[in-house]
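Two complexes follow with chain A in common, the first pairing it with chain B and the second with chain C.
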Partner chain A sequence: MTAHAAIPESRTSKVLKAIGILPFVLVLTCVLLALYEPRFLRVSNLINVLRNASFLTIISAGQMLVIIVGGFDISVGAIVALTSVSSALSMVGLSSMGIESAGVIVLLGCLMGLVPALAVGIANGFLVSVLKISPFMVTIGTMTIAVGIAGYVTGGTPIYDMPELFTREIGRGKFLRLPYIVYAAALVLALLWFMQNQTRLGRYFYAVGGNEKASRLTGLNTRKYIWLAYVLSALLAGIVGLFLTARVGSGEATLGSNLMLESISVAVIGGVALKGGVGRIQMVALSAIFLAVLSNGMSLARIDSKYHIIIIGLVIVFAVAAESFRESRRNKHV
Partner chain B sequence: MSDQTQVSGHSLRAIGPHLLLPLAIVAVVAFFALLQPAMLSGDNIANIMKQSSLFFFVACAQLVVIITRGFDLSVGANVSLVSVASSMVMTAMIPVFGTGLGIVLGVGIGLLIGVGIGAMNGLLVAYGRINPFIVTLATMSIFTGVATTISGGFPIFNLPEAFSFAFNQMIILMLPIPLIIAGVVAYGLHFSLTKTVHGRVLYVLGDSNEVALVAGRRVKEHLFLAYVTSGVLASVAGLLMTAQTGSGEPNLGTSLVLNSIAAAVIGGASLRGGSGGILAPIYGALLIVCLSIGMNLQQINGSLQPVVIGAILIFGAALDALRTRER
Partner chain C sequence: MTSTTTKPGAAIAPGTSDAALIEIAHLDKSYGAFKALEDMQFELRAGEVHVLFGENGAGKSTLIQIICGVQPFDSGSYRLFGETLSSLTPALAHAKGVSVVFQEFSLIPDMTVEENLFLGHEITSGGRLAKSAMHKKVQAVLDRLGFHLDSSARVSTLRRAHQQMVEIAKALLWDCQVLILDEPTASLTDHEAAQLFDIIEQLRSEGLGIVYVSHRMPEISRLADRVTVLRDGKFIATVNKADTSEKELVQLMTGRTFDEFFPHIQRNPGDTVLAFRDVTLQSGLAENISFSVRRGEVLGFAGLAGCGKSEVLRAAFGLEAVETGAITTGGTKLDNNSPRKALNNRICYLPSDRATEGLAMHQSLIANSTIAALDDPVFSLGNMLLNRRAETSFTEKMIDKLKIRTPGLHAKADQLSGGNKQKLMIARGLSREFDVFLFDEPTVGVDIQAKLEIYDVIKTLTEEGKAVVIASSELAEVMHMSHRVIVMREGEIVGELDGDAVTENALLSHFFDHGDQDTDQPQGHPTS
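So, the complex of A and B:
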């Protein structure tokens, strides 16, 4: 090794190693954006950013879990669409059956809406963990199937006439000026942080993704944890589907079509390693905020929405290239 | 395991894929022919031939990188961008340079875009050592964005008749031109995969990265070249499909990613890399095209057709997983 490696690390590089460059990039983006466009700092705009970041955090949390156990979930966007259609249809059906109480309709409708999501998650988990099929193929297959079914059931037209309680209260309701989805995201963040840092379950997820064979040989039921990761991912996507449906006010088969790409971007930018075994929920949440700020900035700057996917694509390439660069340097030092 | 079972298992596996897929294709055609006699009409069979030839190129594009244990999610975006860009060049250049040169320029630009996208993927995968899934997912979103941006999201009309004739309608010795081009490409690809060092390195690469490195081959260059080949094959598909539709379409390739992977995998290319020959995209393309044409004839709801393809994809991948486990 060169002489440089022997010199003790400076304080800044230690800090950088611990939290990465993402927080600095985020702060820099916010400052530049605020200087360029003061409207960014308006409370209504910031709440808007926070809302979008919350949707992204929840769905990317699921993506993170699946990537940690060494997989991918391409079907998350399709699960959002399927949940939207099934919950809307259930609510419309329940109210036409003559149930008076809106509360009962909404509760049952949401639960029934999550059933297909759960089914997709269970199928993904079974095919990946038991039949050992490549997660990429499995989830791209279930994605197509789910989107097809959602499109077939709705016939391409949105489903309206859901109870006001759902569309107004859950979709637009606020507590202490913040939309409910923000609290939901905070709850997911807290629960997953607790799981990853304080529980055996969290450690098992890392172990299975880090080295599946070794984990199995030490007596871990690897199948179970891989399966669980897919089910949790589908469930979180389903919850996002419910909130998004309430927000747009109709059941739509095209809802969430960008979320697959975005959730994978968020996970990757948040430092979740594609080889499995690495990833922290707090970094994923930070990365979700970063992506939400970036999209908001592009909208404020009146950049055509067609450019957004180009820029997101470039950001992914940059983030992954940086990660792989860091990795190769680390390997050299060992 | 006794010797006997090994031998019989081996021979079954050896002829299995060669027999199973043609049988499956015949079964699909027969099934739809029973429901709709029009399936076997001369026009329809010519149509199947033509569509399979177009689709063959994207399946090949996928095969070349699947052999190295990779993926190319950007084939669809590649097709869309080539369609839009070459159409724009043709419509702009023809008034200046005349029809002939205009078409040549358009086709040249299309192929160059294929090289460019392939080179970008290859650079990031081979030299940047980034997961091919993420690389091609990113380039997919970038180039889909570019295709919709430069076209404004609208189709580009007024392509010269001669372009559609030369790359789609022309018939030589009773064979439609896309089929002839597909045949030439199939032969070339087969040759380079089986008879050249490049081809052998790709298979070894798919089997094990280390082995290829130990064998002293310049692994990165070969891997890079595989992605470039994939990009060029996809751009050929883009040009031929544009000649078929007669206009530059910004969303021409949207459904191709799923279908191309399905075709390559169902045709027998293993996702674990290191296997699959030229027969995989041929059988795969024929099977998928026969299915979708059959479903169209039967007027099966457009939303349900992808459901069938998705189910076949999972089935093909499950067979693949089973084969790998046996090995």
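So, the complex of A and C:
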């Protein structure tokens, strides 16, 4: 009697199982795109793609954490807007208080900008993990509240007059030709990879999402990890909010409105299972790059932006269908 | 999460053999109005195997859950290692040295064997997982237990028996003083179970206290030092195994003698209402199945878990796709069978998993009992609207007839106990005219009283001229309830016994392939 049922497997299917089809689809898309439109390969364009992918990676990393613990975070887009407004207002307020050093203003402004994000994350986590309310409804609720607050505070007009250090240096500055956001995304990728593969915390996130009851029986404080996932997701969304605010140069209550759908799409295309317990950050990053390349390619090909959404929608449906197909096939074997 | 290693149980001094590890007295536990445990007593000493013996629903699982801190208790006293406890969490119990192998798997399917074994107690160094140290420890434990498991395999890809082995390894990975095993051999083969018994005996000699939940007689006679019998949440007796017989234990457990337990069902075979001819399922779980069932008789399907008997029933109801062969009912051939089609051909199926396949748990009794018959003119007004009054009166009648114990007509299905859920499904089966009733594990998870009542319903249905098919893993049940028994093994029919030929020995000899001694033989058989 061997340890596991011997299912005959070809080498290709093993490789596919390990990394999925996403890398191949990504390479294929890039090759086709480069052949069809040489401008795609221009350095400035590639950097542009990388920047968009970085925004997507960070926000989707948070979404991934929440989905892994069996939840869903609808509020990430609203958190981006709220962070944008609160950080802009803080910086404007701090400079009117007579603080001279731009560095201090930016630092304090960013920290204060993250406070509302943290609050939303804590609220989400509390409502989902302690009060056991459906994550879907909880985050829809907090999203609506956050959007409302951001709109009310700004009165609908963008907030300007932030220090140049913030808008020029952080928003447009580069190190070794790459925007700072790329380094931020790389850091998030590295930290989360380490967490998922090398720490207890990572294991516990998977365990809680894979089988919450069993995790509790094992003695894990399941509430804590679910809560933590929402807080981390909100903080990552807040960081994206800061970078986006710096990039557009103003605090806006409408910033990031499409990021919620995109972050879920990226997570799902990256193989994060909606049932929870499955998902790897490196695949999510790859998926973010794929989505950025896809949008970029469609823009270069001058496809009407209305069609972009349709095509991305088709990709999402395909990804979800592929996931459930894999799942049902796997269940048949056992 | 900074400590380098956690070693549950290490902090506690080795128990002296005469001290009680666990003492429970006058313990009560209720879920709402339902009394799960009443005035419970239990004592576990170091170096003994103490069997908890009782029917499903007797309260064994609740008691275990209290011992290991998963459930709180209402009143009474619980002393663990001589220390009176008022609140206990699973983590605390584990740290004190209580390890549990749950019947319901506590594994994370998408994680590997090794990740599961260490879950909650990972070895780390400097915040990083010490993967090689963990790997070494896993290998050591698996070798000691003699389990051949690939520690990097994902749990969801393992067979049930192997998952069970992972559970046991998980409990024994750390030093413990109390080991609780909840029906650990339920899915093990003979060979694997024998290995487990050796390990249990070894652990006992090392001075562990072992709580062993089972209703399998051969295991109890091999392992037990003492047996505590539970019935309907009440403590019945604690006896030394040496001083009792199997018969006595069964009588203590059921509260009645064996002969009066199963009803005598009249056999009046009428016309054939359901027949399989050379049916092979697409899933391959049942092959070349041929049988027929007639009005006024009970046909039983016996065999070990996974032998294909429940798939046969599911195929008759259109839940399994048929590859070749034909299913006919009263002369009509059921091609492309589906539940809709089966219902229209007067076949009723009562699934074993009532929670996921049987009932709408959050709907009322009324909604559940009439859902299959809403297109019947009896329950509709002018073919358009629901006839609420007819629904209500039907449900009331059924509650009365089937003795469904419920807080009220509008109670939700999940407020009922297992037995009453089953009766509610039977009520639904009675809501329209059926000829064939297919019962898949009719009494799994059902308490003794409800079991008897369900047997009575089966008796009534049969004597009213319905055809009844029962698939059950409980040998005594198929044996005593059926007029004819078909035995299946590995997806094929290996024998059919009729009337007086239905005996335990005859059935068991079909269960196992005696021609080939090398095959893994599943362990034991149900109480009889």
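What we mean here is this: the second predicted complex is superposed on the first by the 326 of 334 C-alpha atoms of A that agree within 3 Å, B and C clash if a C-alpha of one lies under 4 Å from a C-alpha of the other, contacts with A are read in each partner's own complex, and residues count from 1 in each chain.
What we mean here is this: a residue touches a chain if its C-beta (ideal position, glycine included) is under 8 Å from a C-beta of that chain, and two chains touch if they have at least 3 such contacts.
Predicted, not measured: the structure shown is a model, and the values here were computed from it.
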| item | value |
| --- | --- |
| Partner chain in contact with A:V317 - chain B first, chain C second, else both or neither | first |
| First (chain B), second (chain C), both or neither touched by A:T157 | neither |
| Partner chain in contact with A:G148 - chain B first, chain C second, else both or neither | first |
| Touched chain A residues, chain B compared with chain C | B |
| Touching partner for A:A214 - first (chain B), second (chain C), both, neither | second |
| Chain B versus chain C as contact partner of A:R200, first or second or both or neither | second |
| Partner chain in contact with A:K306 - chain B first, chain C second, else both or neither | first |
| Contact residues common to both interfaces of chain A (with chain B and with chain C) | none |
| Footprint of chain A on chain C - complex, ascending | 1, 70, 89-91, 94, 100, 102, 105-111, 115, 118-120, 122, 124, 127-129, 148-150, 153, 156-159, 162, 189, 191, 283, 520 |
| For the chain A and chain C complex, residues of the former touching the latter | 1-5, 197-201, 203-204, 206-207, 210-211, 213-221, 273, 277-278, 330, 332-334 |
| Touching residues (chain side chain B, partner chain A) in the complex | 71, 124, 128-131, 133-135, 137-142, 144-146, 148-149, 153, 258, 261, 265, 271, 301, 303-307, 309-311, 313-314, 316-318, 320-321, 325 |
| Chain B-facing residues of chain A, complex | 72, 127, 131-134, 136-138, 140-145, 147-149, 151-152, 156, 261, 264, 268, 274, 304, 306-310, 312-314, 316-317, 320-321, 324, 328 |
